[in-house]
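Chains: A, B and C, in written order; residue numbering restarts at 1 for each.
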Amino acid sequence: MIKLNKKFYMLVSMALLMIIVGCSNSSGGSDKLKIGAQTYSEPKIIAEMYKALIEESTDISVDIVADLAASPIVIQSMNKGDVQMATLYSGEIFNGYFEIEETKDRQEVLKQAQQGFDETFGFKWFDSFGFENTYAFTVRQELADQYGLEKVSDLKEYADTLKIGVDTTWLERDNDGYRAFQDHYGIKFNETFPMEISLVYQAVADQEVDVVLAYTTDPGIKEFNLKTLEDDMQFFPPYDASPVIRKDMLEKHPELEGIISKLVGKIDVQTMASLNYEVDVNKRSPKEVAIEFLKAEGLMSNES
Amino acid sequence: MPFTNSISQFYQFLLERYPDILVATREHVTIAIVAVLLSTLVAVPVGIYLAKNRAKWLHSTVFSIANLFQTIPSLALLAILLPIVGIGTKPAIIALFLYALLPILRNTLAGFQSVDQSVIEAARGMGYSAAQRLFKIQLPLAFPYIMSGLRMTTVYIISWTTLAALIGAGGLGQLIVSGIGVNRKELIFAGAIAAILLTLLTDQLLGLIERKMFKRAKSA
Amino acid sequence: MMLKTNGFIALFEYISDNASTLLNLTIEHVIMVLLGLALALVVGVPLGIISSKNEKLASVILSAANILQVIPSLALLALLMMFLGLGFKTIVVGLFCYSLLPIIRNTYVGLKEMDANLNEAGRGLGMNKWQLLMKVQLPLSLPFIMAGVRVAAVIAIGVATLAPLIGGDGLGREIYAGLNMRNELKIYAGAIPAACLAILTDVLLGRLQNRMKSKQSRQKVETQQGAGVSVSN
């Protein structure tokens, strides 16, 4: 019986030890940078680019926290300090974080983002990478041919027979979501299917949906032979992509400013789309694709 | 948190959005019920068969397979089915069907094994055929056990159906996931509370039915 | 996305290429689960002991734990996230919640199932309540508690796969990344190890449980012989 007693105490002390170890595990070191990334490949690739650049030229170790449900979550995490850096899109200003002036002008929207997020959250919102990733209505090519669809307005006639696949948030978004869309275009679809953005392409391939609200730089558009309809009534706001970082992180590590600026204005729409293609369609890892890009652009030495 | 303020906010939200919540609930319940029904259709006959055929290898094989499905993490099972079956309600129903197998099977078997042999002998003596024995004696007597298993299983399935949202099948999980996505607490709350209430309600309802069954079985 | 037979080879290659990442994810997964289990043990076993001594408290404690158990995992994690934020800590709390019921209930049952003779034997040996608990009752309930840990572990491994949704790590990250990047290999590379982890845990803890059971029957005999009480069955 004495033996079993010892075992029991051992179990208890192991349990307590694990709790202590676990608690210390979660407290981060001071030279760590966490980059948050949404669920699709684009911000993940960019995060990998920054990880490579930062780790190459500084002592900071970078962790990427990927698959955060959506941009608002990324912003919330940055605000809490759970992550310090991310790729965000200028159209975020319409999600009610601060007072804004209604405008669809790209420059204006970017300026408001830079100002607003600085004042409200203490983030530095850099200038754009050089590309925009906004929402785009796409349909199966056969459907477009069948109904002669060129613009979003063309959908109006057929909308009550169409099924649309969208990401998990579009139905809920205030400013550029479904409700606002219905007001703006006067179009209501027969059925709406919210799901993870990557699954919508499967859905349209299986013909479970007819229309897909895709992201403009997503390779799924090309891969699944979808036709993009022109946003003729200018519903969607601009969504220029920029790196964003907490100002206190910049103050602690001023060298980051130069490193982050290296990618500003360096990535255009075609480039980003093809990088996304490499990951999503050719199944390469974001890290590999990111490093290949950096080397090709001469932003990183070729030895590593 | 100005608590009373947030409660009234939440109430407002519910008033606005209750049609969506109802739709989500309907999707949710549909998936769960179909999965449980399919699982019952398979697990009960198998359970009955196992009660007759006591071969050890048979029992342990069947139970190992059923146990396997129970043990695999739900997200993993859904994810494994996705490339094979596609997205939407189909993989969700299949995954949930597999989950429900073990508990229903186990309870069916326990139910049948609990029937007193002497009762069966008596029935045989009275000239009951195998089918009559099954339907008039064994099933009614085993029913309380089966019902108990069904109750527990249904509750768990309704709980797990929230994950169906991750693969585009809708349901109350969708409210939670979109709520997380747009960072709207009321949505998360509404989805979570609705799912919890649904689960608890189902538990209570089926518990009531189960108790009635037990009463009837006792008098039989 | 159709599965091809040469997919097995591709999967094998993928896993071997990414072995260190996958191993890291597995370790993170295991740490989250172990921590949740450990917390549940520290809180659950005492609650189980209390329940076995006091029937009224027992029904309260068990019902509360039961309600917690039945809450859909996604819902609980989302609610916890609203109050505790994203990440590791929140997930461990969630895992702790789901591990409670099996452990409390099994501790309770284990103690209740205690053969009254053994309690008599212990008291006959001059033990007070505390010694009775620590030297006789708890050790003999270990197989039951072990059964609870086993059930809790399997559940926790499953719930932990949802961690990425609220900023955590673990094998769920690979599954989720695979879903988001439309990469079947990633999905399987995450899902299959997660499934294996659960199955392995179930089997290993099952063996441990059986070993404890056979030890228990020996202990029973020793205790009774020690107090000069005849072994009654």
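Here is the rule we go by: a residue touches a chain if its C-beta (ideal position, glycine included) is under 8 Å from a C-beta of that chain, and two chains touch if they have at least 3 such contacts.
None of the values given here were measured: they were computed from a predicted structure.
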item: Between A-C and B-C, the pair joined by more C-beta contacts; value: B-C
item: Taking each chain's C-alpha mean as its centre, the one farthest from subunit B; value: A
item: Between subunit A and subunit C, centroid-to-centroid distance (C-alpha), Å; value: 36
item: Length of the line joining the C-alpha centres of subunit B and subunit C, rounded to whole Å; value: 22
item: Residue list for subunit B, restricted to those that touch at least two other chains; value: 165-167, 177, 179-180
item: Junction residues of subunit C, two or more chains touched; value: 1, 165, 179
item: Shared-contact residues (touching 2 or more other chains) in subunit A; value: 69, 73, 76, 196, 199, 202
item: Complex interface listing, subunit C residues touching subunit A; value: 1, 31, 34-35, 38-39, 41-42, 85-89, 92, 134-136, 138-139, 142, 164-165, 167, 173, 176-177, 179-183, 185, 215, 219, 222-223
item: In the complex, subunit C residues that touch subunit B; value: 1-3, 67, 70-76, 78-79, 81-82, 154, 157-162, 165-166, 171-172, 175, 178-179, 184, 187-188, 190-192, 194-195, 198-199, 202
item: Touch list for subunit A against partner subunit C, complex; value: 1, 4-5, 8, 11-12, 14-16, 18-19, 22, 25-26, 39-41, 65-69, 73, 76-77, 80, 82, 196-199, 201-202, 220, 279-280, 283
item: Of subunit B, residues touching subunit A in the complex; value: 86-88, 165-168, 170, 174, 177-184, 187
item: In the complex with subunit C, residue positions of subunit B that touch it; value: 67-68, 71-77, 79-80, 82-84, 155-156, 158-163, 165-167, 172-173, 176-177, 179-180, 185, 188-189, 191-193, 195-196, 199-200, 203
